[in-house]
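Below is the structure I would like to discuss, written out as structure tokens.
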Amino acid sequence: MSETTAIGGPSRFRSSGRWLTSGLQHAYIWLWMALFVLPFLTTVYRSLEDPKGGYSFEGYRFAFGSFQDALILSLQTTIVTIVLNILISIPAAYAIVRYPIPGKRTILAALNVSLYTPGAVMGLSLSLLFAYRLSSIQGSFWALVAAYVVGTFPLMLIPVIVALRDLPTVFGEAARTLGAGRWRTLLRVEIPLLGPGITAGILLTFVIVFNEFLVTLFIAGKGNQTAALTIYNILARAGFAPSTAALASIMQFTSFVVVLLFFKVFGSRYLKGTYLG
Amino acid sequence: MAEVVVDTPVPPRSTVGDESRDWRKALTGVGLLAPAIVIAIIFSIIPLIYLINVSLTRESTFFFNNPQYTFDNYRLIWNRYLPHVWTTIRLATLASLFCLIFGYPFAYILVRKVQYRDLVRILMTFPLFGPLYLTYGIRFVFGVNGPLAPLFDFIGVDSRTLLFAYPEQMTIFGMAVFTFPFMVMNVVAALTNVDPTLEEAARTLGSRPWQVFTRVLFPLSWPGVLAGFLICFGWNLGVFIVPMLLGNIEQQRVLSLALYQKAMSQFDYGLGSAMGVVLMLLAFTVTWLSLRFSRGALAT
Amino acid sequence: MARVTLQDVTKRYGDTVAVDRVSAEIADGEFVTLLGPSGCGKTTTLRMIAGLVELTSGHIRFDDQLMDNVPTHKRNIGLAFQSHALFPHMSVAKNIAFGLTNRRAPRAEVQAKVEEMLDMIEMTGMGDRMPSQLSGGQQQRVALARMLATDPRVLLFDEPLSALDRNLRDTLKYSILELQRRTKKTAIYVTHDQSEAFAISDRIMVMNQGRVEQAGTQLDIYLRPETEFVANFVGDNNTLQGTVRAIEPGTDGIREVVVDCSGMTVRAIAPADLAAGDAVSVFVRPEHIEVLPDGSREGQDGVLRGKIVQLVFEGPTLRMTIDADGVPLHVSVSGTERLALLDQANASVWVELRNPSVVKNPPAV
């Protein structure tokens, strides 16, 4: 009806008030989004500053040159951790969702202990373990991988459990009535349907392990400095430099690309009940 | 769908076959779980047992042939390092409160008003890449010639001394930005489950906006708020890099930093481990509380 | 194609019995429906035939082959699920081909079979679609094609239509019947919907609390319920209490039972286990109670006088409650005479109870 024309004045006033509220609400969201991104953008900006004045890619050249090993090590540990997490978590998730195991809650809680242990505590306790009992792998690549796996496989386990629980048993039953044996059912039907849950776990593992520095600080050997740890070490010793800014930018940019790819392919629904969602 | 099982009296018969099948299934299940359990025991449970063990020995005598067992480390924490414990709890509390106060309206607007939710989610992952880069970047943002310098100069805050003039505020801010997404996600989850028609109903019944909030919205989203707060709190208890880069000596007393210095720089493993045990107990208490209040989110 | 034999099939979960000593023989090519309320054990029985649930005791045979220890994927059955259960990550063609590739059929043969199946369900050329792009009816038809593609010995249906809307349900149930008639395969169909069961079955088995209450043709179950449960579950029935006066040899050599009930005499076909003096329940369907024009037949068998206490006009039918000396009778009238009764509320009328059935009361506990 023609309410607006009948009481034009007050209604226009009211609607402009509503506009103001709505504008402020969006401004608040954008303010926070700026706060999320600003540290990254400023870091990128600083990474382009040349110590001798002006702007250059000197920092990046330096980062890719002298930090190359660290970057490669970060990628290697991340990928190996992801593979091991998959191999450990999928059978474990099946056991927890589909098998009658006594004391399931306790077991799940025990598996998640590492998830709730503060990084420094985990780092110190692992360094004690490696010094006291497992000196053969102390400071090695595998010591890092072991720490990452134990710290992150629950992040893979949880989304897979969620996905497996959401997966109706009817698909597996349908496959069996159509003559598919246990392995075929698993490989052709169930794992593809769990795919997004597994991918969510991969994303979480990637984001965490690729950027981990604290546990690494306690257990990394001399020759095994990951990229994130390198950034920390230079910061602790030499303060802020364009080359570390460049390395930090590279790390965040890589992580962000992985996140974007995930959202593009799978959307955000499979991150529910996890760390990111 | 599964049939409802009907209870009818039948003469008892042996069910040995069923039981042995169940046992076999349970065994297979345990087999599938074995790798996860073994990894968790070797690299998570046993190390924590060592940590407790070492915390009961003097300095680094644990690694000698005859370790000297003592409660001195805990006595020392009680007598001298209690301020460290309080600083840890205080910073975590304030940062989590900050998250709550600013995160709740953020989550509400996000759920009810915003169409570009995926954009927000994607940008919100930046803090999750870890507090190292975040704090590093915040140093630049609030540092000399930072992007916000003109703004601060305009409102009369000296941008050149900003970073060092407010170490506690800066530390709390840094911690809060890192844990902000955890708070928002929990409140978003809670608010998504609150039917918007309830708000409308409250309004048609004459509630003012703040009454809608205090009487309808907040009580209904309370479990998510609590879970979010406790998760933030848990993360903030373990804070390490933020006070190191943004705080001064007072904030740098937090347990994670202190235990690193004691154990890794001064090789006083006993005291460092005891600090670790205290921190672990704090973290596990918080986890236990959050699992109790958000029953079903992760567990079951 | 196979004959399916169930012999004392039992499923127990802990102390509760889901299926209790069910025995049945389903002939080759027969279409049998398991009908019952939810929780009666019909789905569990079907799932035991499919091998998805293990038997606690008893035996299942296809022809003479014992199936107890044959895993599902080696039984060569087709099962239609309540939800169509199409694999969401596979195209229509891949779904239909799934069973064939499990049997390592040659590629050309698989392709030909998929085309044939698509033609059969009138979805030619839609093999590349994903299940999510199909309508509910198309999805269920693809599910049927998928289960038929492997030429299974037995077709099993677990309420395949219950998730669909009414119109679709009506068309699809005849498609299912038609497919079964054409392929001449043994079919076992589970439903709680009696109109579905009546429309498509050769034979119906009514289940309750894990047991088969009655097995028979539609007419047997409708006109001659053998238990109180069947009388009340299948359609509506008025229940009257009575006592057997005599068993008499009736016409055509069928024994008749004469029952005293509510001050009148009722005659019905006698179940085998009755003797004079037994307490029985007499069931009369609302649609089998006729309102008589006048009282001229008062005193004859099955004729009662009563007062119309409630009239509900539902369009095609008129529902009435008639108080016959304190016994409330539900009557439903569908003929044109219902229009004349519309203004007869509180009138006195005579009614005749036709086609009554009699069930012996269980001993009082």
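Here are a few things to note about the model shown:
As written, the chain order gives the labels A, B and C, with residue 1 at the start of each chain.
Please note the rule applied: contacts are C-beta pairs under 8 Å (C-beta built on N, C-alpha and C of every residue); 3 or more make two chains touch, one makes a residue touch a chain.
Just so we're clear, the structure is a prediction, and the values are computed from it rather than from any experiment.
For the criterion of most C-beta pairs in contact, the winning chain pair is A-B. Of all chains, the one whose Cα centroid sits at the greatest distance from that of chain A is C.
A separation of 55 Å divides the Cα centre of chain A from that of chain C.
Between chain A and chain B the centroid-to-centroid distance comes to 15 Å (mean Cα coordinates, whole Å). Chain C makes touch with chain A in their complex at residues 50-52, 71-79, 81, 83, 85, 87-89, 98-99, 102-103, 146-147, 150, 156.
Those residues of chain A lying in contact with chain B across their complex are 22, 25-26, 28-29, 32-33, 35-43, 45-46, 87-89, 91-92, 94-96, 98-102, 105, 107-114, 116-129, 131-133, 146-147, 149-150, 153, 157-158, 207, 211-214, 217-218, 228, 231-232, 235-236, 240, 244-245, 248, 251-252, 255-256, 259-260, 263, 267-268, 272-273, 275-277. Interface residues of chain B facing chain A in the complex, by the touch rule stated above, are 22, 25-26, 28-33, 35-37, 39-40, 42-48, 50-51, 54, 62-63, 102, 105-106, 109-110, 113-114, 118-130, 132-134, 136-141, 146-147, 177, 180-181, 185, 189, 234, 237-238, 240-241, 244-245, 255-257, 259-260, 263-264, 269, 272-273, 276, 279-280, 283-284, 287, 297-300.
Per the touch definition, chain A reaches chain C in the complex via residues 168, 170-171, 173-181, 184-185, 188-189, 192-193, 195.
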